[in-house]
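Note that the chains take the letters A, B and C in the order they are written out, and that residue 1 is the start of every chain.
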Amino acid sequence: MKTSPWIALVSLLALAFTVATSLSSRADIWSKRSKSNNFFGVIFGDGRKLFANQFFTMADVYFHSGYYPSIFDKNSAEQKEIISASHGAKETEEDEKKEDFLGQPKDWIDAFGRHFRLTEHVHLEQGNEREMLPWLRLAADLDPQKIETYTVGAFFLREHLGKTNEAEAFLREGFHNNPENSELLFELGRLYQDSADVTRARNVWELGVKKFLALDDAGKKENKLVFDQLAVNLGRLEDAAGNFDQAIKWLRAAQSVSPVPGELQIQIDAIQKKLAAPASVPATK
Amino acid sequence: MNKIVALAGVVIKELYRRKDFYVLFVLTALLTVAAGMVNFFNDDKIIRIVKDVCLMLIWVSALIIAIVTTARQIPAEREARTLFPLLAKPVSRGQVLAGKFLGCWLATGVALVVFYFFFAIITGSREHIWPWAVYFQAMWLQWFMLAIVIAMVLLGSLYFAAPSSTSTISFILVVGMLGLGSHLNTLALQQPEPMQSLLAGIYFAMPHLEWFDLRDFVVYDQKLIAWPAFALATVYAVVWTGIFLLLAWFGFRRKNLST
Amino acid sequence: MDPETTNVIEVKCLTVRYPKPGLKQVFVTAVNQLALAVHHGEVFGFLGPNGAGKTTTMNVLLGFVPPTSGTASLFGIDVRQPIARQRIGYLPELTYYYKFLTAEELLRFYAKIFGLSRAETDQRIAKLIKLVGLEHASKRPIKSYSKGMQQRVGLAQALINNPDLLILDEPTSGLDPLGRMKVREIIQRLKDEGKTVFFSSHELGEVEAICDRVAIVHEGQLKAVGTVAEISAGHANLERAFLEVVGYQSTCQP
């Protein structure tokens, strides 16, 4: 029986793929054993980061239901939509939807070809967001150090799909793989806060601040915005809990890095008023 | 016409008596089912990636079946020397080519039907929707794209020494056309002059196979493409198939078969 | 034209040159100024040592190879026209038939090419399978056949259209004595039916037994043509005559 080389090649690729998919769930366990060298790391080496980015992009492609510029289309570099969407910036989402990367047909071939490609800009909704999850899962498996994957994944799991447990597990997995990262702790805290678990939210955020400062001290340039978000949210949390002193402390800390220290000052003033009010009532009497 | 059908019948018999098709089908089925069984965040409604994987495998399998089957037809006839008793009968070389083409094309068509039926079953069992018209459009256009490919490979198989080199070159060429076809004009603009005209020339002169890929429509939103465009694309495929078959016939008609 | 008087095969001044592999300008002359006429109803033996140009001549007759110069015709029709092959049966040398088909399927396929009706096909296939002695194997794929069995399949397919002219390239090669006897019988029977048989062979004994006339070619050139008796005149037998014609000199003699 003559078997063509193509069949052999495809079977091998297919086999590799099956093994990879069936093992990917087990890969996390392995990664515990060998830290950053997880299953995919062993197979692909550093090229896995490339794949991870590709898969992350695939999640975005799915989010847009296939209406997506290829690497040949001009504006592709500017596409960062998933992020804006993930942070609920509705305006930008609407703006972005109006954008049309295809432009006017360049020639008749292009024009006729439009019949055979998706030309309508849509976003997944009504639970269909779940379709992106496999790509995020794969991206996380391929590059456990890519923070975006966890934050975006957790956002959709939590906000759009109501899968709080899975979101928490995903963020924890991310934190496990990136123990120094305070952004993941921030997202985790938000999750706890949403489920009204103030104590855990506080703990996680405080840990986040600690991690951030440790890195900052070590001279590593970190994204100041994360610290800003952590401190502001801690401030609000303490404010709501009635710990006004703490609240002011956090907001002050945030002022040092915030792009809008004035705004924060207004909030600080408001809290200070609250702090003064109950004490001043007996004082004026 | 009966002669052509008889010739095609031999090709089809060959395909289903060889193991290639079954291997590819079982592989596709296994991988699709495997992809469907992976647990992503405990969500058992996820389906698009399964569809994506399955259609991808269908495309690769169908291309392999079409290209490999076609590439070996004429060379095998010559190698086994069956071409001689065949051509010693009242059948013209053009009819032989036509029969080979028809056989390969029908055989791939049968394979496609099996593949898409499997696809419909798998996705239908999870989504409980059966957009047959969408599947039909996707399958039909894929089949007609394969007609172009088969005619092209048939032409190539007259000139390349070994079926394996014909297969490899055809595969690369087809994948290149599918991937770059719609972007060559954009790409051309980014190139310096001699290259620019060359790419633009290729863009306008090549068969645009990428039109026939409706996978996105099947995976994402199950919308139908406009029927007039669908019909035009079919005509386009027929024209290109005719061009390649004619070229093959010109080459084969006067070929010295003993060298 | 009266079929009885036209030559069934007519070759005039035929020359065929093959380009030497790799070298464009150098040619091998496989057939050189060959002239041949085969009459209606005769069994014609085409002899010559290996590489003499027998297969090449047949390839020209069947239109596979264009003549470099000269002409060839079958039933008075130039071989370049496919219609010339309507009434012939051809058994090529060294053919490996579609190995995934059974003998019966193969014959059925060829019958369709000839446009035979279903009933006629069934009847002919049954007859031919019996004739070549493949009854026990006709439903097995050809890939499971021995060399001799394949040769028998070849013979059967050459006869599927009940041809008026048979062109057989070494029909007995690879056959056992029984098979050879059978081929001889078949040829004899076709002759009795008034058919013409043109075949090449290295079996001079067999040629002697069944041929009306023979031609001997050597290095592409016709060296002798005539009845067996004419050619072997003055020699012990046809073999001796053949060896002399092709210029054989024993290297063992002192």
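Here is the rule we use: contacts are C-beta pairs under 8 Å (C-beta built on N, C-alpha and C of every residue); 3 or more make two chains touch, one makes a residue touch a chain.
Predicted, not measured: the structure shown is a model, and the values here were computed from it.
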Query: Which neighbours do chain A and chain C have in common?
result: B
Statement: Taking mean C-alpha coords per chain and comparing to the overall C-alpha mean, nearest is chain B
For chain A paired with chain C, centre-to-centre distance based on mean C-alpha positions, whole Å: 79
Task: Take the average of all CA coordinates in chain B, do the same for chain C, and state the distance between these two points in whole angstrom.
output: 41
Field: Where chain B touches two or more other chains at once, by residue number
entry: 18
Query: In chain A, what residues contact two or more other chains?
result: none
Query: Touching chain B in the complex: which residues of chain A?
result: 1, 3-7, 10-11, 14, 17-18, 21-22, 24-25, 62, 65-66, 70, 72-74, 106-107, 109-110, 112-113, 115-118, 122, 127, 130-131, 133-135, 137, 153, 157, 161, 163, 166, 170
Message: Quick check on the complex: what are the chain B residues that touch chain A?
response: 18-20, 23-24, 27, 30-31, 34-35, 38-43, 45-49, 57, 60-61, 64, 67-68, 141, 164, 167, 171, 182-183, 185-187, 203-204, 208, 210-214, 216-217, 219-221, 225-226, 229-230, 232-233
Residues of chain B defined as touching chain C within the complex: 2-3, 5-7, 9-10, 13-14, 17-18, 80-82, 84-92, 254, 256-259
Message: Quick check: in the complex, which residue numbers of chain C touch chain B?
response: 18-19, 56, 59, 62-66, 82-83, 85-86, 88-92, 94-101, 105, 109-110, 112-115, 141, 154, 157-158, 161, 167
